[in-house]
């Protein structure tokens, strides 16, 4: 069978790719895409630990579902913000969205 | 190497490849579609982990809703789709370094961890994960509070998103 | 390895093979005489004017948004529905609270006039 | 056990035996046998699909007071095969501006999203398909892939009308997915499981009796999900030329077309499974799979026929009306129904079946009556408001 | 109802009141204050029942009221939260419930309930008065606060936080209450958000206390990682654990684990209780609605900080190094704040600094191990300081009345040099203020302040901490001095302005709390008279020491009676009072006041120093490092790094040292400074999330790497 470590390393890779997306993409929507990757990496870990831990303890799956809800909320609000910013400032480039400075 | 391992490696490779395309492709719709591929790969991983519910939910929520929402959002903020300018910001190399360091750090930490080679326990016969999940979510001595709080979170997200994006003032 | 998802994967594979095969056969059998006019965008014979990336109504996004929230909600409801029979009245009350909270969100959106197409 | 009572098992055993006889490891042999079985199933489905084309054309012709295909073969039965040949030898055109990969992937995904639905269809008590414990959600998940294929088709065609059609279609599909999920939750609640097989087994009383409103909502949502009239905004011929698949031709269009028909048929089947007892029909299903499968297919065809009936009777609804109908009526109604069902189920499930069934049915009927009454009053008020405004103008015109 | 159930219920009414007011009743002023005051009464009654039941239990220290429920799953175990009322909790609950009730009642009068709406009042600004026509001629009367309901909502939330903090049995929920109060203090200080100074003060208070809170959270985390629980009794009752914690030199700087944890928690208290060096926020907090928020901050919330340290005393006392730090900070703050208080003219600022100084007394007492004395002073101080603040609020209210009468808004109703002779105008306020002031000064024998302060001095003497003793004695002397200065300038002599002549006594909702509190300001001292005090000792049993002392496992010994500290405290109190009266009876304006020394008046230039040490480097970092380097330097490569850097430094010197520093060092008003701080801090926020994330990630990687390298030896 697949050892636990494979899943964890896979998740770490996904997380790092997401991190790169979050840090390096200019487009705010693309940044949110990166965030999704990171959240998924976390979820893989949760599912893997559920499977490799005490299988009757559903905490891992419950947490993963909660993460789904959080991801949905994050996307909903995040994209709404991006659209709102786009309507006001006509840009979705993260570097140009720095109104919170003042 | 067993079949499961081969499947895992193939799927993981495809998933990571798609994820790489997500963060690098210039066309945002393509990035979103690559995200779908990545998410589907993750769903397959859940299925490999016998977490069928998570796999299906992954498809329903992520591919069916979140990816759609992303595509809609890209269409609505469309000025940038065909942006010929760079899609990565100027300090992307620093980000890349940081990501690699993060990955290295995570793997490094995992390396020294004694439970790494943990073998997978058998699923006890008659164990129904959906039923157990239902128990965990709604029975009062488990996660009933997070269950209810999740609905409040979703409510807040809905109200907030609707208000933020489309306040007609 | 006993994992019923393997068979689901077979379905996916076969479900891919058959349309791919059909289109592939058509590709082989069909003639290939492309010309620029044939490959133009079809708009009832009119010349295409402007970019196809027209601005879309934000309303589409609203519906997708509301859908996303409710979709996640229903995901929570499935384990609840499965276990409802055993857990009894307490679980029902929980579920009703859960749904009611979400319906409040729908009502809010409604009242804000966001569900109107105009 | 013989071929009459369990043909699938026999076939599988024979095939596995054959393969292991050739020196194949046991596991691989089982897998290969399953794969072949699935292949055969899907091939049969494709054949059924071809006949669905004929059926659809015949039915629509009758609805429109025509005869329909009648030239090739008896009752025009050969006609669909001629269509296939035509599709196969048509030129494959990819528009120059299209996004090639996505454009070609979309019809494949569209077809696939339908075919994989059959993974969870229990054909007979002995032929359960894959008995997933998340089957109800699986239906929604395949729907998600279908939605994706439409948006991919619309976007990659690089055509205003295609994109607009895709947007409309997706908006409708995602909107009606909520009542669909809610109505899927009702059999789940009643059966205490998401598994299709458990749902069928639990139907000592057909769920349509226990929850007629749920069945109705599921049907409406399914029609919207299929994008068939009156919910065919996505391909509104007169406005959007053909919607999201305008740029498709030949076999790729064929995939969308066949996918839609098979999808409709499949949903007819699921309607039968979820609310009409699936393969079961007064114990006949236990005699032989050769009886059970036709029972299920008959139910599916009946469901499919209702979908066609609606399609060829109703006019297309404007998209704003359609979305308003969903969000302001169907979604709240389905959630209220879900709450009521859950409550009644828990309160009465341990009483006698008669009381349970009657209270379920009663609660559904009362809810339906309340809703209709409410709608009647509301629309009358609306009408009076409108006419009240219109009247003076008319009077002025009259004088 | 069992006592435990009742304890659970105590924090609830204010929280419900908050939500009720916010969600439903905010349109109606009368309904809102009924809900608020009603909730306060419910909590008050509940607290009293709990208190009296607690007092009647024989060995409450060993068998406190406690009850807990599982809250969060932590792997295979659960994190429990619950309530605990031990003797200390009961004593604190007693004064907290009374003061909170009084705050609610007083707010009704303070915000001019029943008066007409102002002529041109706006939300976010203090009411300016309304013109009414009576008997044919117009005159101006105070107008009702426009955001009256909001105020009661905030008060409710605040009360919820305070009660939660007092009744919780573990550090985490205590911290939750602590943070709720932090939020409320921010909201209440910035209540009149229309005033820039109030906004700045609110931010300052929030940020300053946040510094302490971060350390406190670190301490909590460390404690949890070591002990695996945050329940007070589980930690203190586990002898093995306590031994592990007490091993000296286990962590940095030769501190034991207990010492480090206690130190971190103590830093939280330093922020919350406004101890040096994080005291800067408290005086500015007086920007809030005059007496009420001042009182929250001065009498109730800051006590929470001391309460926390007293709670953690068993941990604190394990390491004498930490004890030394605590004693030093307390003593230093006591004398340091007292000297500043002497030079302040604003009636509330004097009290604010006096509070800082008195809190220093308590902290110092804890630092020398005088557990009971600290708790005792905490409670007596809460009573008389609440009394003084409410009194000062009453004075200001009276003065505002005078201001409205004359219409001369240039007269500051809070400046003591504008007052004088108010004893005839506002007799109740005067007498209660005198009682409070005398209690603060430690007027011998009859006031509560005397007994508690005397006990601290006696402990310092008895335990041989001579330096602490002398410093505290000096601080006590100055306390008496500035208190009498305040009383003399405010109430005695002749009115120095027209406005003072027209000052008026305040309504009953304001004076009743004053009277109630003055009873406690006198009477509460009697429960803690040492047994062997000459003549009086033994007349009343030293109930307080006996009761609260049993919170600890080993009941602390009462120090032996000694004449030296008694005579000292007699001397400093009476001497200070006399000198204050003697000197200030003839002073009529700020110019004649010898103590208007620039150094004291400007609070030792602490605000300015913080600018220089923290704010400037932050700007430098943002300008040169974040902006120039991260954003530009990084792209162009290291070749160009020198250009931007030198440019940045040049610009920095020109823009940030030349003009502002010189100006600001001469400038006075701390409000200006705070505003400037806020403005200058902004450049560190480039507004670009990705930069923030990258920076935090870099820091995380560096810290993580360092931790791995040094701690795990990887």
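Each chain gets a letter, A, B, C, D and E, in the order it is written, and its residues are counted from 1.
Basically, contacts are C-beta pairs under 8 Å (C-beta built on N, C-alpha and C of every residue); 3 or more make two chains touch, one makes a residue touch a chain.
Keep in mind it's a predicted model, so treat the numbers as computed, not measured.
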Discussion item. Please identify the chain lying most centrally, where each chain is represented by the average of its Cα atoms.
Written reply: A
Discussion item. Among the chains here, which has the CA centroid at the largest distance from chain E's centroid?
Written reply: D
Discussion item. Quick check: how many Å separate the C-alpha centres of chain B and chain C?
Written reply: 17
Worksheet, complete the sentence: Chain-centre distance (mean CA atoms) for chain B and chain D, in whole Å, is 29
Item to complete: Indicate the whole-number Å distance between the mean C-alpha point of chain C and the mean C-alpha point of chain E.
Response: 56
Response to the item:
The distance between the C-alpha centres of chain A and chain C, rounded to whole Å, is 21
Worksheet item: Hey, what residues on chain C touch two or more of the other chains?
Response: 1, 4, 8, 56, 58, 60-61, 64-69, 71-72, 75-76, 78, 81-84, 91, 95, 99, 102
Fill in: Residues within chain D bordering two or more other chains
132, 134, 137, 163, 167, 170, 174, 177, 193-194
Worksheet item: Which residue numbers or ranges of chain E touch two or more of the other chains?
Response: 73, 690, 694, 697
Discussion item. Output every touching chain pair, sorted by label.
Written reply: A-B, A-C, A-E, B-C, B-D, B-E, C-D
Discussion item. Considering only the defined contacts, which chain A positions touch chain B in the complex?
Written reply: 1-10, 12-21, 23-27, 29-30, 32-34, 36-37, 40, 43-44, 47-48, 50-52, 55-56, 58-59, 61-62, 64-66, 68-77, 79-84, 86, 90-95
Practice prompt. Could you pull out which chain B residues touch chain C in their complex?
Written response: 2-4, 44, 47-48, 50, 52-53, 55, 57, 60-61, 64-66, 68-69, 72-73, 75-76, 78, 81-82, 130-131, 133-140, 144, 147-148, 150-152, 154-155, 157-159, 161-163, 165-166, 168
Worksheet item: Inside the complex, what are the residues of chain D that reach chain C?
Response: 31, 34-35, 38-39, 42-43, 46, 87-97, 104, 107-108, 111-112, 115-116, 118-119, 130-132, 134, 136-137, 157-161, 163-164, 167, 170-171, 174-175, 177-178, 181-182, 185, 188-189, 192-194, 241, 246-247, 250-252, 254-255, 319-320, 323-324, 327-328, 331-332, 335, 338-339, 342-343, 345-347, 349
Worksheet entry | Sites on chain D touched by chain B in the complex | 27, 99, 102, 132-134, 137-138, 140-141, 143-145, 147-148, 151-152, 155, 163, 167, 170, 174, 177, 193-194
Worksheet item: Which bits of chain A are touching chain E when the two form their complex?
Response: 19, 22-24, 31, 59, 94-95, 97-102
